[in-house]
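The two complexes that follow have chain A in common; it is paired with chain B in the first and with chain C in the second.
Up next, the complex of A and B:
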């Protein structure tokens, strides 16, 4: 009795199968069924990746073109590309200007990440331990503002703060813009948020019981931090350091704006050679070298961090 | 206990240099005088009115919005299917695809910029704003991918099989079950990509010409001279855009969950 009335009511319901939206869905189903019949299953799984791979592939094509140009000699006076040769690379190896710029970048790429990670560890620890939502929100905003305001607004802000006529000069009389201190401050400011974001997963994986256990056994807080908390963070610290190294090697806006173009890094040197001096193959060679240095440097940092972990076990 | 206090002090000290420059930009944009000085002299909104009557600013803003719009569109079109397909492929091909898809972030930005500069020069589209947007989209792509991947990890794996049991076709499963569940993640990713694209500087300053400058490049060309409060007004506008996007993202609640995932 009851079930029969339900089915009768169902039949009386107005059907929406004819509405355009459902027609569209039906059409899509037909297309997908046909597609599934034609394309083998193994291919079907990859097909959704195709647009993304095309997008990333355009960069691969660009890098290939860059590599190809870097392997040619070039007459910058006539702007004519010459025959295939390793001239650009041999030229760079003997270029003392390139040595200065590379050494400056490498030193900064070791020092700035050390400072940034050293500040990022307590920052990330506090971020996860703070109870009050307002304070946590402030810390989150502190992480995201430098990251998302973009290079220009960030460096402009720093220029206002530490530049000529800014509060730091007014208070202390220090001139920071135009030398490596200013560039370093700018780089650490952008590295710190990146380091915090990379460290956070590791910080969240810390087992709080271990610290309490050590404290019960009479360890002082500093000992707990040094011997219990830090070893648990090792993977995160290594990853953060690698990310910061790559970011510093690729720094462009900070040296250009806070260094006032006086303290060039590899990126600025590349642009000067490519556009300023009008020698594209030379610039391309610098680009390929920079890509290699960043990739190899990151890989070395990550493997060194991993092998140490094995030894300690 | 002492450790937390020490960490807290370091954190608060770190918070000042992180936030102070941004606050000072806004203060600076309100100060009188052609040159910026500290402490600021007087109060004026003259720089804002000047910014809004300057047609070059509007053109640059339009270019920036176009680049950001195309970049967001490309990222949604390419990133969402890729993120959905990525967990399904085999382990080794997944590593390969992940490396390939995050190339835009792992390659130094300036190298990416000049790779496209060279490529565009050879195929003859150098100077086109759409071409700039493609390059910007590639540098932002990993952020879109990660946000959507995190959203996929967050969803209940039983929901789609349940829909299938109830007789939903794969198309219906995707349209009415997966997509609505992924929507907050997609919106978060799109906002992050929008903000990163509209503030992009390194790629744009290489690829744009004097005729189609984006707003950050426009500000940069002004930065080389004396520091004028007029640039502070433009920067303050950027900060407002970021603040708005950030407020929306926080409201969606995905960022905190993404960061505090275990």
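Up next, the complex of A and C:
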């Protein structure tokens, strides 16, 4: 009785079935039904994954080609690939220029993430705790602007600000471009949004009542931060650090533009060898080594970060 | 009785909405005091202001004779148990309980003995090294209580910590709380929306509604003499019969929807509400005569249910409203069935009359 009256009421409701969105939904349902008739059930679930798998597969294929290419000797003068050999790798391992570039990248890939995560923690905490919507929106936009403007635009913007004749130099007299300070500032700027994004879920998961509880138990605000908030962010901090490490190791625009090409990182070095010297297998070897170092580094960071400190009492 | 806590004309609002209207209350040393009210009545806000987690817009909080204005929570030395319990998930049970002692730089050895004593008090001595995530609901409750008591605060604030427990566990924790209250002699301020809990554990209850304390006193007094219809309706589950009190034939009576109900001579004239509690009403078969009660209203049984302690009836009165009547098991052998004609009867002094809305 009741359900009948409901369904009768439905009939009287104004119908929106003619709207273009519902037409689209109907069309999609038809396509889906036809599709289900043609494709066997076992394959249906996989189909949605196909585009992603193709993209990921092409990357793997590309890397395989790079790896194969890096395992050959090469005459860059004649542009002829030689026989299979480890020459590219042994050459790199003995190359003092590569040593310098790799050491520079690794040091920056530890320091810049430290700075970025240290800035990102209070930023993410404030972002989630600010009450006024306007302020929160401003903070959100502020952190994501570097991500939204593309790498080159952002770096040139920074170049204008901290470079020769820019306001920072005019105010402080500091030369920041062409050395590692400028490169570091640029890298931290692009790491910050990444670190905030990785930290946000961890920050949102913290029960705000814990801080109140700690306060009533006698903890000062800074003690609450150190003893309660930070330990709960540990996993997020480790993940943010790992992501920043990988991003810094792959840095390209900042060393190229803010370092004026004087402070090359691994990626710039790769470009020099690949295009500048015209030695693709050498470039391929650098790429493979970089991939290896980033993978191992990230794995180490995540493993070290995961092991819980066992305190003996 | 000296006041452990004095709340003096405290007001609090967020934007346009006022959460607390000029609340004043004194809580005595060693008292078990309950703030009782529905959600949104401002009881938790008041507790947070006492704890120092919120600042009042106006008024003062005086704890132990000292004005607390401008003193943040970590300097007040109160024990607080939160609704979510707020156990620190990255610390073990022992470290959770030891946290307030570390904040007070208590030596390791002494801290260990005091943690053990606190866990003993809540009857969980063997769980020190357990992770917080491995605890059951009742155990978490006890750990939170131990953590709030381990530094021997003079005052313990409870922000509905029992509300998440199932009924049986909640009742055993209520008894536990009264035991701890007796053993330690601490002042306890408890916030709850559960009227049963409030009646069971408290020395005094303050009923809150819309940011005001409507009535404050021992549970028995609130139950017997509710000041307003809100208090009457919140404690117990009565039928509220509204009407006008007039004098007729030399006796006072409440006229309501066509019936006259005899009330005590001390009830003032004017608008009033009779608070008809299920356990104060009697149920008689319609053909049973003679009766010797002050008031008798005829009706028909709508619904009956046995609840273990007795039988619960809903009676559609001939004059309109539905009355609930609870007949304890063993008192009355007659059982009434749905549809039976019955008489709901009571004496004038069994039903309190409330004159304020």
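Rule of thumb we're sticking to: the second predicted complex is superposed on the first by the 268 of 313 C-alpha atoms of A that agree within 3 Å, B and C clash if a C-alpha of one lies under 4 Å from a C-alpha of the other, contacts with A are read in each partner's own complex, and residues count from 1 in each chain.
We adopt the following convention: contacts are C-beta pairs under 8 Å (C-beta built on N, C-alpha and C of every residue); 3 or more make two chains touch, one makes a residue touch a chain.
This structure is a prediction, so every number in the text was calculated from the model and none was measured.
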{"item": "Overlay on chain A: chain C relative to chain B, clash or fit", "value": "fit"}
{"item": "First, second, both or neither for A:231, with chain B first and chain C second", "value": "second"}
{"item": "Contacts of A:97 with chain B and chain C, given as first, second, both or neither", "value": "neither"}
{"item": "Residue contacts with chain A in the superposition, chain B compared against chain C", "value": "B"}
{"item": "Which superposed partner A:172 touches (first chain B, second chain C, both, neither)", "value": "neither"}
{"item": "Contacts of A:85 with chain B and chain C, given as first, second, both or neither", "value": "neither"}
{"item": "Chain B versus chain C as contact partner of A:216, first or second or both or neither", "value": "second"}
{"item": "First (chain B), second (chain C), both or neither touched by A:163", "value": "first"}
{"item": "Contacts of A:138 with chain B and chain C, given as first, second, both or neither", "value": "first"}
{"item": "Which of chain B and chain C A:257 touches, first, second, both or neither", "value": "first"}
{"item": "Shortest CA-CA distance in Å separating chain B from chain C in the superposed model", "value": "8"}
{"item": "Residues of chain A that lie at the interface with chain B and also at the interface with chain C", "value": "221"}
{"item": "For the chain B and chain A complex, residues of the former touching the latter", "value": "1-4, 6-8, 10-11, 14-15, 17-22, 24-25, 28, 35-39, 74, 77-79, 81-82, 84-86, 88-89, 93, 97, 100-101, 103-104, 106-112, 114-119, 122, 134, 137-138, 141, 145, 169-172, 175, 192, 195-196, 198-202, 206, 216, 219-220, 223, 227, 231-232, 235, 238-239, 242, 245-246, 250, 255-256, 259-262"}
{"item": "Of all residues in chain A, those that touch chain B in their complex", "value": "25, 28-29, 32, 45-49, 51-63, 65-66, 69, 119, 122-123, 125-129, 137-146, 148-161, 163-167, 169-170, 185, 189, 192-193, 197, 200-201, 204-205, 221-222, 224-225, 246, 249-250, 252-253, 257, 267, 270-271, 274-275, 280, 283-284, 287-288, 290-291, 294-295, 298"}
{"item": "Chain C-facing residues of chain A, complex", "value": "207, 209-210, 212-221, 223, 227-228, 231-232, 234, 313"}
{"item": "Chain C - residues contacting chain A, complex", "value": "51-53, 72-74, 76-80, 82-84, 86, 88-90, 94, 99-100, 103-104, 147-148, 151, 157"}
